[in-house]
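Same chain, two partners: chain A is paired with chain B first, then with chain C.
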Partner chain A sequence: MKIPVKSKPALKSVIVAFVILSGLTGNMESVSASGPQKTGNEISKANNQPNPKETSVKAVANDSKPMPVYGRWKNFTTKDGLPSDMAYTVKIDGNRVLVGTHDGMAVFENGKWRTYTTKDGLPHNGIVSIDVSEVTGDAWIGTLGGLSRWSGGKFENFTQLNSGMPNDLVYGVCCDGKDVWVATGGGAGHYDTNLKQWEIFTEKNAPMHEPWTYGISAGDGKIFIAAWGGGVIEYTKSTKKFRDYTDPDGEMEIDLLLNDGPVHDITTGTSWADGKLWVSSYFGLCNYDGKNWKGYFDTDSGLASNFINFIRAEGRVAFICTDKGLSSSDGTNWVTYIKNDKNADGKAIITTGGVKKEIPLSPSLSHNFIIGVDADKDFIWVATSSGVSRGELLK
Partner chain B sequence: MKISTKNRWILGILVLLGLIIYFPGHKFARAHVNYRTGVEDHPLLCLNCHLYMNTSGPIAKMVNEDYLSPINLAVSKDGSRLYVVAQEGNALITVDADQEKVINKIEVGELPHSVLLSNDGQKAYVSNQWSDHVSVIDLSTSKVVDTLQTANGPAGLALSADGKMLYAVNTYSSNVSVIDLETGEEQKRLEVGNNPTGIKLSPEKKLLFVTSRRAILAPYGDPVKTDMTLINDSSRRIEGYKTLESAHIAENLAFTPSGDLAVVTLVRPKNLVPSIQVERGFMMNHGIGIFEQKKDGRIIQLLLDEPNAFYPDAFDVVITPDGKKAFVSNSGVDCISVLDMDSIRALIAASTPEMLNSCANNLGISSRFVVKRIPTGANPKGLALSPDGKKLYVAEQLQDRISVINTESLETIATIDLGGPKKITVARRGKRLFANAGHTFQNQYSCYSCHPDYHEDGLVYNMASKDMGRNLTNVQSLRDISKTAPFKWNGKNQTVFKQDGIRFSTVLTRTEQFSYPDLDAISSFIMTGIHYPPNLQHNPATELTEAQLRGKEIFERTVDQTGKEIPVGNRCITCHPAPYFTNRKLADVGTLAATDDSILFDVPHLNNIYASAPYLHDGRAATLEEIWTKYSPYDRHGVANDLSKIELNEMIEYLKTLSSPDYYESLTKKKHTENTSN
Partner chain C sequence: MTTIMKRIIWISVFCYFILMGQVSNLNAQEKKTNYGKASDEILPYDKFAKAYKYHFLTPIEFYGAGREKTALKDLKEVRIGFLGPLTTSVMVPQGIQMLQGATLAMEEANKKGGYKGLPFKIMPHNDAGLWGAAANEVVKMDDEKVWAFLGSIDDIVSHVALRAALKLEIYMVCTGDPDPTFTETNIPWQCRVISDDRQSGYALVNYIHKKKGHKRVAMIRVNGRYGRVGVKEYADAAVRLGFPFVIEERFNDGETDFKAQIERVRKTNPDAILLWGNAKESALILQQIRAAGLKQPVFGSDRMVSPEFLKIAGPLAEGIVTTCQYNPNSTDPKYLAFKSNYSKRFKQEPDVFAAHAYDGMNIIIDAIKKVGLNRVLIRDVIAGLKEFQNYPGVTGKIVFDHSWNDVSDIYMAEVRNGKFEFTVAPPMETGQRTGNGKKEPNSYTN
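Showing the complex of A and B:
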């Protein structure tokens, strides 16, 4: 069976290798947990103790429409039970947190980490994307060797050889009702869990530049695919029609005309929330409210870096994973978390109306190369190239 | 009386003509029957073939009957009513338990499977396996008041602890529909084990256990493992799995009232050893699995078989309200095994883990806890106890009746005739033979054991040849095979008469062959009485989707992607033409293993192929995709390597839509009618 992969292998290989390896070449310093790890409830109790360093953060957070600010970072590495410090993705699932790493999936539950690998049934140890179905509670795990449904502790694997899966490199996965969508190296795929049917979308049947896709998300009755060289591919579920959003400047690495569309055709992620589609690329960030595009760059906003690996929007706030720290934004205000090069501390840079404030954090994130993020009401979890970090919402 | 000379001449000529016709005719008939049966002494009984092998038409109607075939039943809370699912009668039959008489017959969907009563006893829910829905019956009016849509092939039913949700186990699609009874809408489908059937809510009302009949798909050589799926009733999510090692065909289960144990029926296949070892008991065993309901509870398997007498095809299990006795219907030997639960508890308590492991293969262990075998009518299936536990009701499927057993005396105290036909047709007799293990050495198994639902068990057996090759054989479905001869993967049997004749007894049953009347009867049943379920999962609207139509084009193409003509012999459609999707010839698709006898393969029929995993003669392909992605690297199984993944997917989606031959024949007729009217 021939699996069509028309690509620009050299360029892709360089970027993928950079994403995976750059963290290893960076500061590998990590902060190990001291003493027993806390559950969410235990952490809430710990919040009652005043922390002078965070007082100023609270003041900023209490502004009108404040951006959520996270502090009291707790970092986890192999010393704490992770299978690898190279974490690619993170997903909060109720009382547990699923982390995809280079050497398997780690699950944090009741204050303990447990690792799952190919020995437990996963198709590959490189876990690069995870989503959880709100309908069934099943976790869908995208690996570098196929997709896996984790249900009741059992892994059911879908590969390009045993199923209608487009390709085994599953960079993105998104659960949408009974449907599971994947962004793979051989196109986007849609699996109807009720009918057990696959549908594949590539440059042959969708307005893609080529089949390589990096990210996928759902919202507003649509699916948004981040396609290499194809910008954003939008699929309307009711009509089953595609349309694409591309950068009029093409693949130029500067955005000649601002706000004319996605900032670049090589997109890395999409996320829809609160009426807004957020799109990340290796060349900047943008969002789309259904009428207008708005671009953001590290030079004109609070964005940590234009090199963005992943994006997740929750409500009005987007969390942006860059190679130089974690940023969050509502489109106007920014909070960016950066770790110091020399020690475990760092800072939160809060940008509001062009005014920047720096809040020292001790400790900070475990590393500045951020690859995955997820947040719920009280916590944010961040996958970095040197461990996983958990931040607590400062109220 | 004086016969004139003229008349003498006429008579003489007639006799001469008769002799001229008879001898060659007899010779022809003998040769014909010899060919059809593979033997030289089968009686020349033309009617046995030409009357009883008709699948449709007035003759078929004349020689067959519409039986009821009860499969499952429920008892009302006050014990006054039995509600019996008539599987072939497509009905729920209400029986007055005291008067032992049928009150009414309520029509439901196609091939109903299970019945469940609502907590208030006002409603009955009946799963209709061939209609993909549940009939809701108002028991006060005996009317169907609603139908609840499910996934494919609903069987076992259970209510949530709060009574607000109905769980329907979908056998064919291997999932569970969670249906909101207030709205009647299916809320979600939970993926469960392979080919599930039974479901029960545990006594503490937290977890539902779902049984599976088929094992987890795995390469031949891996031990057989079958999942029991646990559903959390409050979150309505999959909680986990319990795995039955070296076992499958877990049809149904029951909890002890105290909740300390769950008991499931099972079969332990010995498919990894050569089937020539039948006389050593190396084909399969039959028993129960016991799940200790405590933290880190063990899973123990106990055989119901005895050293020289097996008890195949356990179908249902119930436990008395005092938790003292369990009853298991052994469908293959027409009896109910009575189990002393305290003896089982004592056995478990006194045994080390090693001892318990050995119980799984200990043919003598049943003497420790089986207290009686109660004979029943043909093919006992579903069981139900009266609320006080004093009576056991048994659905005798191929007897069209309910037997009533006193659970104290362990004697049958009554039988309730459900009103089915009194005449036992040839095909019905054949069905009884098919489902009964009496024709196998020590009653080890019936035809049904490997062909549950008259289909297939999803396993691969080592049918070692006389040369002791491995000859792995993927069990094939028996649905609608009447026009798909020859049979077996090597196509050596031109008819079912030959397939089930002397060789069958030599190789498989290891006992006397069927008598010819029995052989004729079982052949009649196999050739006429087994049908495909409608393909409601992949072809529900009987109109193909655009993708499926594109897949059909690929399946029927004559040129490859470059425009080059595909050799006729290497086109899908050449070997797999409708309506049976077989040309009934032998072919080499490049999958012969080094250990196989050197054979060509009989081209298999592809109707409802979605339901026949694994694929290829030795089951090496777990999915349809693998036939081409893994096992046809040189395009010997049709030209497919030029297809993109999208195109391959579309072809497979088309293959999954393939339905029964009747469906295609009706399409042809419809087309013909349209053309004529135009």
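Showing the complex of A and C:
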């Protein structure tokens, strides 16, 4: 992938960003640079090679290092080859990027988009979640009508009727070694790719109030399920035991104490990285370090909005997809990207120690309603309500 | 002073007082209300600490794209989805009534020309198929290109459908699910046009503990989400007044022998018994309570308000008090016309689900007529709390709170002479009454 030729305003933005960031955070060299510009995805999947996540973690794991800031945004819509402007999810996979949209899966490779639909074998055109197995390289695609394994150019489909899947609307998919986990409105599902067997977790065999699950992630030997009305369900793989985390006040209309647990029982996503579990909801954000919970609202942090569609943590940084922009945070410092209402420009708002600084961005994100995100060491890809955006790490 | 002058002065004075009355009404301060119309004394934690964050203070906006989209030009019909229990569910009779209420509204709209000459068409979907079927059905509605949809009754269905509605951006009008948590999701793609179990619970708490002065109440509820979530607001409010249940017994839908539960209730010697379940089981429990010799007053949830309950319970139903989301005996001409047209069309009396589905479908139709065929704009106009606030439905005025929950009047229903009679539930009184009707301070403040 080639970096687009920068326009003058974009160049100005980068210079301004560099100056401000240098002043704010001092050492910008801490942000990983890797020689010639690449997609950030050109990393071997061979077992003896560092995987992209680990590389990324190392790049940002040191507390003394500043928050990564992305600029030089490039936006893609149907005019550029996407099947739909409504983008639900995005996943970086080596040299290519997989984007789930309402009307098919778009794959960006060698600077071009290619669309896959039911005509190619997908179970449904609405693609809402994607993950890629680091073991096999297979892409697991959650659709509005079933789950699909994309392997060797072929789609193998799993539905409620032809397999033991809990429900056909797959809100979340997560690859964890040989296992694939899904979050659906009919429960969480676990597929053992070796045994080719499904296991379903609902309120009948897990501490869920209801079987409605909408997000799933793996880390620290555990699976974390975002359960609608049930907070977070933690499953420890070694013991096969569950534990649930809910808001202790037990009321939907309030959060009694900020740091007493999840900020709300209606959770929308989980992501574990760097020793911290991040949990999103439509009511705010929180994280858990294994001992203490910490809550965040848009009124007391740099969070763009309390309405969070999705969350993904990479290293110490969580990328938070809200309805009013993209936020990122290490729990203390915040960078929020917002597009202007009336033009393609926008800004990055950097909040450190309660002090806010703004960096103009030209252009900015494609839209402020953010639904999906993925990042590696050099690039961030964002799925929005109106197009897909790619940002480049400012070095 | 001439007679004319005297008349002018009298008329002036008369006009002055009339005007003052009007002005004072205009300038009257809106009464502060708590979330869910809760009285101060039952607000959670309020006596001890203020919450760090209060939700639902303002309606959440939808900031996504899509308002610029235009409908296809070759449309043949305007499709509106319907999600309800139509087969393989104990709630099928209610689902059929719901579909009929929605159908009547649609047929009436089509007689008036539909939408710019295009007929409205219901796309019915059964919500009781495979586990989590509601999600799959909403996906099908998206494939069918419905502009909005109406549903459902079962709260498990409604929640699953709502999350899919958000993903697919289809506005959902809930007309039959009383689960308070349905609207407490912060999803800006829904509204509910029927009172919820929070309102029912508060009305019953007020009636049982404040008006009747009962302190020791035994609960017998259905095992399942309707029972568990339905009684929660009652139970929480009662605890805050100092009256936790003395016992909570459960049963399953379809059970017919409740002797074991009733025997355990007897041992607690309660002042009153509260039933929370469907009509049939509630009537059978009432029969067996009386057969066991228990004479305590019995109260119940709104699903008792049905011909089935009266038929099974017979004379034992006399004096039973419950709640109802509207007044089925209303003499409002609009309601009477609906009742008459419905009875002629479907050869049966409308029930609560039919009446609210009729209102819900009319709201969707009116929204489309106002803003056209665009899902986001349909959402905007209903959720905007302007055009559809105080909507005059056949079930009464629909009043939305900031979570788009219907917090309009709820009714107390009492069986008298073999029929339910309905009165508007009064707001919760402050202070408590003893069994003798004497007021005393709230015990939990002591």
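In the analysis below, the second predicted complex is superposed on the first by the 328 of 395 C-alpha atoms of A that agree within 3 Å, B and C clash if a C-alpha of one lies under 4 Å from a C-alpha of the other, contacts with A are read in each partner's own complex, and residues count from 1 in each chain.
Please note the rule applied: a residue touches a chain if its C-beta (ideal position, glycine included) is under 8 Å from a C-beta of that chain, and two chains touch if they have at least 3 such contacts.
Note that this is a predicted model, so its numbers are computed, not measured.
Peer 1: When the two structures are superposed on chain A, do chain B and chain C clash or fit side by side?
Peer 2: Once both complexes are aligned on chain A, chain B and chain C fit side by side.
Peer 1: Touch check for A:G164: first (chain B), second (chain C), both, or neither?
Peer 2: first
Peer 1: Does chain B (first) or chain C (second) touch A:Q197, or do both, or does neither?
Peer 2: In the superposed model, A:Q197 contacts chain B only, not chain C.
Peer 1: Touch test for A:I254: chain B only (first), chain C only (second), both, or neither?
Peer 2: After superposing on A, A:I254 lies in contact with chain C but is clear of chain B.
Peer 1: In the three-chain superposition, say which chain, chain B or chain C, touches more residues of chain A.
Peer 2: C
Peer 1: Check the residue A:R149 against both partner chains and state whether it touches chain B (first), chain C (second), both, or neither.
Peer 2: It touches chain B, and chain C stays clear.
Peer 1: According to the stated criteria, A:N368 is in contact with first (chain B), second (chain C), both, or neither; which is it?
Peer 2: second
Peer 1: Just chain B (first), just chain C (second), both, or neither: which does A:G186 touch?
Peer 2: Once the two structures are laid over each other on A, A:G186 reaches both partners.
Peer 1: If you take every C-alpha pair with one atom in chain B and one in chain C, what is the shortest distance in Å after superposing?
Peer 2: So the smallest C-alpha gap separating chain B from chain C comes to 7 Å.
Peer 1: Determine where on chain A the residues touched by chain B overlap those touched by chain C, and list them.
Peer 2: 160-161, 166-167, 186-187, 202
Peer 1: Going by the contact rule at the top, pick out the chain B residues touching chain A in the complex.
Peer 2: 151, 173, 188-191, 227, 229-230, 235, 237-241, 537-538, 547, 622-623, 625-626, 628-630, 640-646, 648-649, 652-653
Peer 1: Which residues, counting only chain A, touch chain B once they are in their complex?
Peer 2: Result: residues 1-4, 135-138, 149, 151-154, 156, 160-164, 166-167, 178, 186-187, 193-200, 202, 204-205 of chain A touch chain B.
Peer 1: For the complex, which residues does chain A have touching chain C?
Peer 2: Residue list for chain A touching chain C: 85-86, 88, 124, 126, 128, 144-145, 160-161, 166-169, 171, 184-187, 202, 210-212, 214, 228-229, 249-258, 263-264, 266, 282-284, 295, 297, 305, 307, 323-324, 367-369, 384-386.
Peer 1: Once bound in the complex, which stretches of chain C touch chain A?
Peer 2: Touch list, chain C to chain A: 35-36, 44-45, 49, 51-56, 60, 62-66, 130-132, 134-136, 139, 142, 156, 159-160, 163-164, 167-168, 180-181, 184-187, 225.
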